[in-house]
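In the two complexes that follow, chain A is the common piece, with chain B as its partner first and chain C second.
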Partner chain A sequence: MTITNVASEVIGSVWKVEMKVGDAVKTGDTIMILESMKMEIPVEAPVDGTLAELKVQPEESVDEDQVLCTIES
Partner chain B sequence: MSEDAIPETLEDHLKLLRAREDVARQMGGKEKIARREAAGLMNARSRLDALLDPGSFSENGLLGVSTVFDEDREKTPADGKVAGFGLIDNRMVGVVSNDFTVKGASSSVTNMKKIGHIKRTATDRGFPLIFLGESSGARMPDNMGSEGMGTMLGNDPHQYARVRETPWVSAVLGQCFGSSAWYSCLADFTVMRKGAVFAVASPALASLAIGQKVEPEDLGGWKLHSEETGLVDRVVDTDEEALAEIRKFLSYMPSHNGETPPLAPVPEGSDKEAEKITKILPDSRKRGYDVRKIINCIVDLESFFEFKPRFGRTAVTGLGRLDGGVVGIVANNPIAKAGALDVAGCEKVTRFLVMCDSFNIPIVMLVDTPGFVIGIEGEKKKAPGKIMNFMTALQMCTVPKLSVIMRKSYGQAYLNMGGGRNSDSVAAWPTAEVSFMDPQYATEVVTWGREVSDEEKQAIRDEMERNSTYLGLAQIFAAQNVIAPQDTRRYLIEELKIQQLRRTRGIGRHNLANWPTTF
Partner chain C sequence: MHDRKLKSDNNKAGQGEGAASTMNEELRFRRLAALEMGGPEAIKRQHANGRLTVRERFARLLDEESLREIGTLGGSGEYDENNKLVRVTPAPYVAGMARVNGRPVAIGGEDFTVRGGTTFGAARRKGGQGGFIEDLAHYYKIPLVNLIDGAGGTVTSAKKRGYVAFPGVHGFERSVQLLGEVPVVSAVLGTAAGGPAGRAILSHFSIMVRGTSQIFAAGPPVVKRSLGRDIHKEELGGASVAVDKAGTIHNAVDTEDEAFEQIRRFLSFMPQNVWELPPVLPCDDPVDRCEIKLRDIVPEKRTQPYSMHDLIDLVVDKGSVFEIQPTNGKSVITSLARLDGRPVGVIANNPKFYSGAMDASSAHKQIHFMELCDTFHIPLVFLVDVPGFMVGLKAEQEATLREGMRAVYVAGQLTVPTITVVIRKCYGMAGMATCNKNDIDLKISWPTGEWGSLPVEGGVAAAFRRDIESADDPKAREKELEAELRAYASPFRTAEAFAVEEIIDPSETRPILCEFIALAESRLRANLGPKGKAGVSP
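Here is the complex of A and B:
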């Protein structure tokens, strides 16, 4: 069992969360969408697995490299 | 037979020679080699076996030893640096493999002569030079005192004069201080194994100097160099992977600056992949995407070899192939800071342009940037200087330069990414938007200090957006072509045929060849 941290590429805020804990994810699936510099930045799963933990909520501010969620695979 | 006795017959001469060679090949002794093996580390000679085509290594200086102190003659097989020539994919390379089991592969009089010989030969005869780094720095006490310094250092005025006549590669495979660190900076491509350390001096010496404990990973670990300094191009987990990365890098490079990069067969399915672009490009202009997915659709299948993927992520740089020929890709990545170029992104692109210009590699720029990152942090890091470095490099490049405006191209970044005659040919996608500033901010600027209703502002903004499309570029011939995204691969292949440097058989003027190696 491996836990993969999914981190933010940008400083911004969470706009939409598209999945919920326990969902099966495939590499490249959009887990959530951030908003930064008037752009919507999708956060994609880097690995196949199950969404184990969501560490942020919509409208929450996030920093670059902040862990947004974890995937168990 | 005594070591000192001179043999009388040829047979005895040869027997003694073989015995001496065998000792030299033992490196620092079975015990030290076994300890490395147990720790999963290759040694200087097994690394060469894995790097070079089988049986191709021709060693120089096998019997070299340190003669500074008599007692070191027996303790310094090959003087700690295994050097010679060999083949990679049947092409000649020069190699220096540091043997840490012999006095920490420290630099000494004899082994520096070996390095000098390999370097001179590779440069004069036109083939790449590879350093397998793992060394503790200059040998002590040999270089202590004024006489030591005068003997050891400063005897080669060209030692660090990087003129990029042939590709240089460095692998950071252990502790790399002193020369192993210097060559890692001078190389065109540097790969680092996780767990290795790359710094000016050792953590122990640093701790001694500043009086506090310095952790090796903090001082010169893979995270520091792949994410913050950008001095390392790729990071791997094992020695074997590092050596495979060197072979892969060199497969894209010419042997020297007087030839073009080698061609390769085009993998089946490459054209089919190009059609997938439309599925990756989001419909909304506000939606980000990872430009590497677009690049992978454009280049020959699985040919994209990215440089510094963790550093300056607003820009993507890497080598790839188009119809079998090598190109250097420079792209904005909207997934990082919306593709707005920051200081690290500028440094990364500048260094990449220097390499492409030096080795006759045409440049393809894929543009989707709202401009340069503005703000205090960037200004503190000399953002204007970095932007101009990038711009100067681009204008001085004499290899073919093609630019494709995918979506946004704003302000000065329009010029840095090849617009305004800063590339040989510009193509725009129908989704291109070009202006001095994003219409949203521009509306605020032109209405500053005036009483303007929201409706009027919206009307100004709508008008600006209408005037920012590909059509304006096409109508005044600021873009030479307007193409569908899925035709980009085909377009680039055809345009590269037009733009090739026929009069010099593909060889550029290498204006950037003697630029610094760090920006």
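Here is the complex of A and C:
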């Protein structure tokens, strides 16, 4: 079993979270949407697996490279 | 190093009939010694490190049988007490002229199997800064390919010489000169520090291999001695730092063969020198191909990103895109491509990263690419969706304003024809870096285009602060003002004023660009030669 960290590529804030812990995810699925520079930036799953942990909540500020959630596969 | 012994007797040389064959024998012997490089053990170590030898690299990169080696016999001979040659250690540098895609190049590379590719004392340097191969590229006006695999100078040379050389004797003068004359490509194929690392940077296009090559100003032992920190060379100067994070090297690939492929690809877009036009290739992609898909590629919702990479692929000749720096400064895309077989430089903002806002790294990337294309007479196509400079503390700490204005400065001095296609946003000073406004070069727009000093949203809050704050419902008042101002932002109103030359159906983008680029040829031909340098860069 491996844990994959999903990190933010941008600085901004969490707009909405589209999945909940325990959901099955496929590569490319949108886990959450960030807001940065007035744009909606989807955060996509880099691997197949299960959403193991959500580390941020809507409206929370996020930094570049900050881990947003983890996927277990 | 080599056990090979010269069979014939050197003393016979010059004695009548046998002399010629003896001389031939010695030539054969010395050539074989060169081909054996540092010997089987050293070659085995090079392979075990996942790297090819310099001669294998030449064979894989160059057109078959095209290498005319220069300086094959350079090296150190060992002689016995009768002055008879016993063995030869070849110079740790292999060089020559050859062909890539049928066109001549000068090429050189360190031989890491001979003393780690360090410089060697000789009457004339074969390669490296100020070496013969750089002079060859300069005098014959042909591209230079550097295959870099060495750490440069060694302190042992001071012991041999009896004094320490002053920096800049055998300096970078020629390397610098070449940047304005002929295409220079460097592949970092091992661990590069010092001079060879510097030379990799003094090139138009550089490349390294993930996992087997590293580059830094100084390696781990120097870091340990200077800062007391332990760090592995891959952590310090592997591709994730040097390419992805820093942009020190332009592109990273997974194998040496891919590096050679990228070198061939890059050169295929370049003229042989600045006195020639870039090569036009036959094109079977129809010039009048109208892509209906382009009409829907920009989402209706202004806050949603889309794939600028897909957009580029739909417009240019199929399969022609060669992206420079795909992993650094990702808010802008810089790609060489072709339109009707003619090389163009595409600069496109990427709405998926910071909404395409220009930050310090994307400014650097765009500046280099503009200078590259301007130098080699490659017209530029801007596909614009830029909301402005990147904002925030980190952006200010990275001097985004200064780097961004450097992009505006360089864009303002472009002499190649440029065509600006506004896809969506074109705002502020970052927007100014997307065209050469001093000229008659076209600015055209899709109907989705919008522009101004700054986007209405942020601008309203700042300009009408009192009005908004004193309203009964400040949020509603802000929205009302935004709606009022947005009406003026219609691209058609600007077109009425002829401040943008044309608004086009997105599907017509390719035919229009192809026509313009074909038209540009006479102008390119009229401006051949080196580019002048003006003023002080901000």
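Everything below uses one rule, namely that the second predicted complex is superposed on the first by the 73 of 73 C-alpha atoms of A that agree within 3 Å, B and C clash if a C-alpha of one lies under 4 Å from a C-alpha of the other, contacts with A are read in each partner's own complex, and residues count from 1 in each chain.
To be clear about the criterion, contacts are C-beta pairs under 8 Å (C-beta built on N, C-alpha and C of every residue); 3 or more make two chains touch, one makes a residue touch a chain.
Since this is a predicted model, take the numbers as computed values, not measurements.
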Counting only touches as set out at the top, which of chain B and chain C does A:D48 meet: first, second, both, neither?
-> neither
Look at A:E9 in the shared chain and tell me whether it touches chain B only, chain C only, both, or neither; answer first, second, both or neither.
-> both
Answer with first, second, both or neither: which of chain B and chain C does A:D29 touch in the superposed model?
-> neither
Return the residues of chain A at which the contacts from chain B and from chain C coincide.
-> 9-10, 36-41
What residues on chain C touch chain A, complex-wise?
-> 301, 303-305, 330, 351-355, 357, 387, 390-392, 394, 455, 457-458
For the chain A and chain B complex, residues of the former touching the latter | 9-10, 36-42, 44
Chain B to chain A touching residues, read off their complex = 284, 286-290, 313, 334-338, 340, 370, 438, 440
Within their complex, state which residues of chain A touch chain C.
-> 9-11, 35-41, 64
